[in-house]
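Two complexes, one shared chain (chain A), two partners (chain B, chain C).
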Partner chain A sequence: MIDWIQIFSNAAQELISPTTAAYALAALGLAIHFGYTGLLNFGQAGFMALGAYGFAISTLTFGFPVWASVLVGIGASIVFALILGIPTLRLRADYLAIVTIAAAEILRLIFTTNTFDDVTGSASGLQGYKGGIAAMNPIPDGTYGFGPFTYNAYDWWIRILGWTVVILAALFTWSIMRSPWGRVIKGIREDEDAVRALGKNVYSYKMQSLILGGVFGTLAGMIFIMPRAVVPANYQTSLTFFIYAILLLGGAATILGPIVGSMIFWVLLSFFSGFMARAVEAGWLPFMTQVQAGQLRFILVGVAIMLLVVFRPQGIFGNKKELSFVR
Partner chain B sequence: MESTQSVRPHSRGRWLILLGLLVSALTLSGIAASPAMADEGGTDSQAEEFEYFFSGNVKYNDEPLEGVSIAVSGNGFEAETETDENGQWTLGVPEKEAYELTLDEDTLPEGVIVEDGQSTIDAEFGLTKRKSVNFFLGEGQRVTTDYGAQVLIRVVNGLNFGLLLALAAIGLSLIFGTTGLSNFAHAEMITFGALMMLTFSNMLGLPVWLAILIAIALSAGLGWTLDAGLWKPLRKRGVGLIPLMIVSIGLSLALRYTFQFFYGGSTRQLPGATLPREIVLGPILLSWIDVASMATSVIVLLAVAYFLLRTRIGKATRAVSDNSPLAAASGIDVDRVIRIVWVLGGALAGLSGILWAYFRPGVSWDMGFQILLLVFAAVTLGGLGTAFGALVGSLIVGLFIEVSTLWLPSDMKYVGALLVLILVLLFRPQGILGRRERIG
Partner chain C sequence: MSDNATPTTPVKTTGLHVGEAGPGCKKVDPIIIADGVKRTFGGLTAVDVAHVEIPRGAITALIGPNGAGKTTFFNLLTGFDKPDEGKWEFDGRSLAHVPAYRVARMGLIRTFQLTKALGLLTVLDNMKLGAKGQSGENLFRSVFPFFWRSQEDEIEAKAKEILARFKLDAKQEDYAASLSGGQRKLLEMARALMSDPTLVMLDEPMAGVNPALTQSLLDHILDLKSQGMTVLFVEHDMHMVRHIADWVIVMAEGKIVAEGDPHEVMRDPAVIDAYLGAHHDTDLGDDDDPESVEHIHAMKELIDDEQ
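Then we have the complex of A and B:
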């Protein structure tokens, strides 16, 4: 018999999980790049990896306090954005795509190699960096909540922290996109030459956008590692593609899109894989093994990306008038 | 003997002799002898002083090696021992911590080395007080002195790799040139060829040549199907290039996990993948597969060049690639050309996948995705959309990756190639053979 309550409760937990928050923030960064500016950044996984490793390495190797570790991560991602942007932002959009995807892979390979095992922990990664965050926790020990949302003090703390950062980032993005700066950015997406003709330094605006979205990705990387360890295998190209799926689902040039998109994505994914696993267990799908049922969701994500792009390119919240894609 | 060489990770016909205390627990019983439980009694005096032991069994080609020196260091502790007449050794250590174990290659017999330069191993205890440490010995000679021969071997390997990359890169480049699509699903077209080869040779038991032909034909069919079923309808809808690129990413993800769904996550070998390296060319040892692989690549690449330069339809392809509206206006059926390019691209990617499966060696569900970025790097290096640029770019990437292992650790060898990609974009964004107008 299928335990529906378990499936629904697991799916509901994804609604506020730190992972969902991290993906929402990374997707928001990508919305700035792709949705508002028209930059094809395929290296968001690299920015997230910099956040995760920047934080963990500063804490573990150098013993930095939390605020300094966060700053190190942000600094690293700004440098990374400059390195990526300087050669490619003058070129056609797909060059940035190839360079960012390659740079993210370079980072992952450097974090994976045995050569720097002392610092990066190579393939097995890093852990034990959460002490500083846990020490800042104002919630007294104990278990709080109701129904599926019952967590201990640390789990609540990282949820509150994660979603606070997401909300602040969303408010910030909302306000700058209404500002003159945001209008120039959107102008670049619509017609770069026209903006240049108005005397704006397109290159510099694109660079600022790349840095801002990258910093969001970096902060997302830090939220992402709060409930788990830092493992290099998490930062593969597929991570970027999943964030794109979330962005396209919610709407590329929207503020709420990435956030709600992330919630829908994770709730549906958890529901689907929970249901498939239980259905296989119950013998409903005799031609499939548990492992195969687990892979079905990735196939589903791929098909969903294709269908969204073709049939609803503006996503759930997008406005068809506001061009959802750069031409 | 003068022609032996150090064994490379993807080399075939290597002597993978597994040594160690727990050999019987490992499933290599076919190759490895069943060693006696070495240190049940604790023959070494050191073994009695300490609570925790590293131990192992050094054998080469089923013969125990005596007098091989093994050292342990770490946590402020150092010790050294030699293997006994049964090739066994035990080293006691004071703490249950991580240590570094080193096999002194100078004490090995002539012509035997530790594989992949793994003569130093980081070892850590698990739940027990005993940890067996295996050194994998291989045939070969330490060639620290003969630098030139090392370079030559890497160059040949690099050419082989570059040629198989070129097969995939030319297809990708032609598709980009004629349709403007950066096709991320090209990785899955590469994997598809190898998987079909595996299906028809290993699973259905057809002869190798027939399986290869069927696999290439099916890969060409995949190219046809993708264009007819997906890309042509999307072109007719007027979907922009960047949405198309994202569709190809979705397709890549869906296909990749579909492969895993049906073929599982394991790596399997194609027939003949473990042929010995018996062709001797100076310091270079090659297997027949290596030679056949390079010859096939060269012949197919020449045929593609002939097709593009000499045949009517090849010229039409280049015309569409240069300027598609102009080609259409001068009476070229652009859709037919694009269809042919997809079929050709599919077939080339499939062949490239089969050769890549022999080069790695092994067939797995994500093997195409592992080299996708290298293919992109090759295409970008040569100049996006130029077929011959893709060839040049591939050879450079292949050579660079293999030769750079002289200085870079082997798990970092792709890093160099991807860095070069970024540097090229910095200084010559149109690529080596590209024209400036293309970068717009």
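Then we have the complex of A and C:
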């Protein structure tokens, strides 16, 4: 018999999990790039990897305190954005897509290679960098919460930290997008030559957008490694595509879209994989093995992206009116 | 003003040039001076202008057959393209190696042949984007509305006033994508005015505009001159050119072939050659390029008018 309570409670846990927060923040960065500025960044996984490794290496190899490790990660992603942006932002949008997808892969392979094993831990990655964050925890030891949301002090602490960062980033994004700065950014998305002809330095605005969204991705990378270890295999291109799926699900040029999109994405993914695993176990699907059932959820993500783009291209929070004019 | 129901006869500015009118002739008060500006695309020389001066405070038309290099010349002047050689200046300041956005900040605002209304921004936001020197366009100040709120209110008031003048005020909350082709041309021109330019360059302002809107667009262009702005525009409609232009510059195959006031220049044999070719007396009925047929008709009509 299937344990429905277990499936539902596992799914419900994803609502506030640090992973969901990390994906929401990365998707918010992508909303700045793609939704508002029209920059096709396919290397968000690279920015997340820089956050994860920047934080972990600063802590483990150099013994930096938490704040310095965070700054190192942010600094690395700003440098990365400059390296990507300087040659490509003067060109058409598709060049940025090609360069970012390649650059993110280069980063992942550098982190995987054995040459830097002492620093990066190569394929097995890094762990043991959480001491600083745990020491900052004001919550006394113990277990708190109710129902599926029962966690120990550290688990609550990283959830509170992660979602606080997400909320602050969302408020920040909201306030800049309603300002004249946001107006220039949206103008660039529509037609950058027209904005240039009005006396705006389009190149500089695109660079600011790339850096800002990249920093959001970097912070997301730091939240992402709080409940797990740093493993290079987590930063494949599929990570970027999941973030795109979340962004399109919620609505590309919205603030709430990436956040709610991430919640829906993870709850559904957890529910579906939990259900499939137990259905196979219970013998409901005799033609399928456990391994196949585990892969099926990623097929579902692909199908979901296709259906979204075809039937609800503006996402959940997107404005339908905007799309009736899309050429 | 455009409120006048009856079309007024525009007041022509005269006495713009020094000496005999001809290609590259000196102007009393030039706003743009270009010298030896050359742009090639591979083997094709698109623009090869030896010397040209654009008179200040007047409406100058840049005409010429298709492929004469008018739009390329526009792009060169506004920093959207870089010439291979030559020097050119605006208001006494050299424009060589100045990027397009800086050219715009100097007061030289252009519009485009293919209208560039920012579709998914409202008409009002399109207008506000045109204003210069906005402190809220700095990322760090944009977070704090008290840095830019009062300036924003001023810009909004100005935008609404200009929109009212262009009769687009009823549309201010609509997306620019919902406007008709002619309304987008109006919006683009209105948006250019938000920055108080000294020189407005219009690339085919009449292309694709419904005849009902033509008169209003013409009045707006004349209005720019009465407000002290200089206008340089590219146009194919010869009647319009003759109606509003104070000065006409004719380009053909990248070169300036004639200059003069609109009535004189139409009689210049070089202009007739440029449009009709040297064999304009032969039967052209078989020409299958509809646009060149149109030009030929327009020119013939004008030549007949003049005689």
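By definition in this document, the second predicted complex is superposed on the first by the 321 of 327 C-alpha atoms of A that agree within 3 Å, B and C clash if a C-alpha of one lies under 4 Å from a C-alpha of the other, contacts with A are read in each partner's own complex, and residues count from 1 in each chain.
Convention: a residue touches a chain if its C-beta (ideal position, glycine included) is under 8 Å from a C-beta of that chain, and two chains touch if they have at least 3 such contacts.
All values reported here derive from a predicted model rather than from experimental measurement.
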Query raised in the report: Where does A:G142 make contact in the superposed view: on chain B (first), on chain C (second), on both, or on neither?
Result: neither
Report task. Examine A:E190 and indicate which partner it touches, taking first as chain B and second as chain C; both and neither are also allowed. Result -> second
Query raised in the report: Regarding the shared-chain residue A:T115, is it in contact with chain B (first), chain C (second), both, or neither?
Result: first
Query raised in the report: Which partner reaches more residues of chain A, chain B or chain C?
Result: B
Report task. Kindly classify A:G283 by the partners it touches after superposition: chain B alone (first), chain C alone (second), both, or neither? Result -> neither
Query raised in the report: First (chain B), second (chain C), both or neither: which does A:G128 touch?
Result: neither
Query - Partner chain(s) touched by A:F172 [first = chain B, second = chain C, both, neither] - result: second
Query raised in the report: Just which bits of chain A does chain B share with chain C as contact spots?
Result: 325
Query raised in the report: chain A touches which residues of chain B in the complex?
Result: 122, 182, 234, 237, 239-243, 245-247, 249-258, 260-261, 264-265, 369, 373, 376-377, 380, 384, 409, 411-412, 414-415, 418-419, 421-422, 425-426, 429, 439-440
Query - chain A-touching residues of chain C, taken from the complex the two chains share - result: 78, 80, 99-102, 104-105, 109-112, 116-121, 125-126, 128-130, 132, 134, 136-139, 142-143, 145, 148, 152, 175, 177-178, 191-192, 194-195
Report summary line: The residues of chain A that touch chain C in their complex are 172, 175-176, 179-184, 186-187, 189-191, 193-202, 208, 212, 321-322, 325
Report task. Please name which positions on chain A make contact with chain B in the complex. Result -> 40, 86-88, 91-95, 97-99, 101-103, 105-106, 109-110, 112-115, 117, 237-238, 241, 244-245, 248, 291-292, 295-296, 298-299, 301-306, 309-310, 313, 325-327
